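As written, the chains take the letters A, B and C, and residue 1 is the first residue of each chain.
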């Protein structure tokens, strides 16, 4: 990471010392996540803002019709762009992707695209000719740790919320219907992956960590900025509520006992379920609201008659 | 967890297992390895291996400890010196020690100092104040000297020097304040792993065939035409007489100048910083390249390098008329086997 | 999903191994004497060369760290290493991820604080890929670093494991890797501490413990095999160095 990524030794020790005694500077307990505030846009489909404490990001999902890849004629295309601009924090430099930024985009890609969260085959219009290209653009507005978790929630909420225009075929031509003409269709989401990041701290020497049996390493959920700068390693878990692990990424860092890691995955699963429910509830509320605003009473009356 | 499983052992390749089967077979004993009991199986320890549980040992280089246990951090031999326990890595970069006779290459000319690549972890420092400058040893280093540092030694120049001191961060400081040290000319540099060099009393020799060798402790070896004013002892005579010759001619004794100050003044002319090579005849060039290839063969076969072995290797290499044949792996092995055999014959 | 029978009812895999068997593991150290440390590792048909230079004076000022050594990995995957010839650029996201992972793994196990203001340059060359490339690379780097005499807390040995139906299969080859979820771990020494843990495809949460147990045991086995090579090489060297 670029400038401003450094944290004074004093502050570093303060954060560590606090963690050793089980306190976090932000007042949360060790495995407490910040409650995400998800704002779903009232007017458009597929625009979601997520606030994760002071971390803030906006996700916009859009679509267009393109020619599919030659080797996959039956599948649509899904891309996620996660470029972090210096707007989020001066530690991110413009145009220069640091290793951490690449890692973040890889994590999101593996969590969402690679796990087939979005059914790509349903995006096909004419095989080998025309498919939908769905793209999710993530804009980071403010950074205070937990980018991966927040991005994943944002992208998954936006995808579930997004609706693409309906198309009909007329011979070899296709007609894209306006939202006013026909009801737009939602995307087919096969499962909802949720990312949970744990940050590890070593309260003792490295000798103890490698040879000792005490396993004193501290794992905290959803680190904020200062904790992310101090941490000795981290683990990204992606799971869904069907008790499936989608990704585990512990890219080096502090060695952690295998059993401890298994315990973390179990705890992460509980958190994942909560979050999935939370997102679901929000989306349903939004759906209801929209339905009400569309004034379809007349149709309903007609249908019941 | 592991006791549940019996993972079958992938087969060993046979090329390596000739003489060292004994070590290979003890692999299962290794896992139950507890303390010094099974130590006599092997002298080599590997990273993460428990060396001792005795808390009275002081922990030296190549070890780390947790509570009472001391573990090795490198692959190497355990060295117990009084109460100090350290592990000497089998391979690894050269570590400078005060008094080492080394050869280096200038990498950077800086303010009042040169940086010298000596194959160490960090470049060594040669201060302007620790070299002989034209005009004699007692001369003060002036500002004009500082400005023309590049005229004395510039990037890429080779020199031999002595390690004056080693700073706490591992960086070495050199000096060339003796006539035996200074810029190198008329020869060729050869780099071998520093672990192959055996520290000896003397590191520069005149070899048969009018060739001189300087064996730097850092694994840099300089082969050159013997200069007419050389002070290095000849090895034509037997070792004993060579040693006495060395003593009489004023061999290496730390802190004791071998040359009188007056002579030093004479010789510390600009000539010692000259870049011009002398005339070297084709036959000497041939001899130098033969020595070069002999030493290369020894390094390829991981044989410790001493002046005596170089001479023996040189004799053994005579069966190849063409020096370029010596770089064949087969020839290299034959030469090294010859060296080992003739050493056995002499009984040392 | 596939027509291949990956695990027969008799308990044999496509290449005739049982579920808990490693592939042929072959390693050599000091293959390139011109480098400070080098190694060559074959895990099945995956072949990797690793060469280490350093600790040495960093060529660039930006690489100087006043408190510890900087470890720089250069990964190169030969375009002929897979069946389809494909050039992989160095800036490929996957390559950067692997590079970062390896750098951060070894930052923890190398005693880098002993070598302040130096650079340890690790060059990895993948010659053939037959599954578990990251694991093979990790093992090669461990050996090369040990060969270079760099102080390390312990070996890092890596191995992959997959889940087929209910059975964990150790050390997947490329056929198996394509058809099942694959977990790569890097285990530190003989402990159960994991320096590296990567899973990229779906795996049932409850299978994780089982898979990890198999993988850790496999990692320990590989550590032993690497240890043998280091020891036999060391003894060979010592016997020649008598003066």
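Going forward, a residue touches a chain if its C-beta (ideal position, glycine included) is under 8 Å from a C-beta of that chain, and two chains touch if they have at least 3 such contacts.
Keep in mind the model is a prediction, meaning the values are calculated, not measured.
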Pair of chains whose C-beta contact count is the highest in the structure: B-C
Going by average Cα coordinates, which chain is farthest removed from chain A? B
With centres defined from CA atoms, tell me which chain sits nearest the overall protein centre. C
Measuring centre to centre with CA averages, how many angstrom lie between chain B and chain C? 33
Between chain A and chain B, what is the separation of their C-alpha centroids in Å? 57
Centre-of-Cα separation between chain C and chain A, whole angstrom: 30
Contacts with two or more other chains, residues of chain B listed in rising order: 48, 64, 71
Please set out, as single numbers or ranges, the residues of chain C touching at least two other chains. 111, 153-154, 189, 192, 213, 216
Return the residues of chain A touching two or more other chains; collapse runs of consecutive numbers into ranges. 207, 210-211
Can you check the complex and tell me which residues of chain A touch chain C? 99-100, 102-103, 105-106, 109-110, 114-115, 206-207, 209-211, 232-233, 235, 239, 243-259, 261-262, 265-266, 269
Which of the residues in chain C end up touching chain A in this complex? 93-94, 96-97, 99-109, 111, 153-154, 183, 186, 188-189, 191-206, 208-209, 212-213, 216
Which of the residues in chain B come into contact with chain A in the complex? 48, 64-66, 69, 71
In the complex, go through chain C and note every residue touching chain B. 18, 20-26, 30, 33, 36-37, 54-57, 111, 115-118, 146-155, 170, 189-190, 192, 213-214, 216-218, 220-221, 224-225, 227-228, 230-238, 240-243
Contact set on chain B toward chain C in their complex: 1-2, 4-8, 10-11, 13, 16-17, 19-20, 23-24, 27, 30-31, 42-44, 46-48, 62, 64, 71, 73-77, 89-93, 107, 115, 117, 121-123, 169-170, 193, 195-196, 198, 299-304, 306
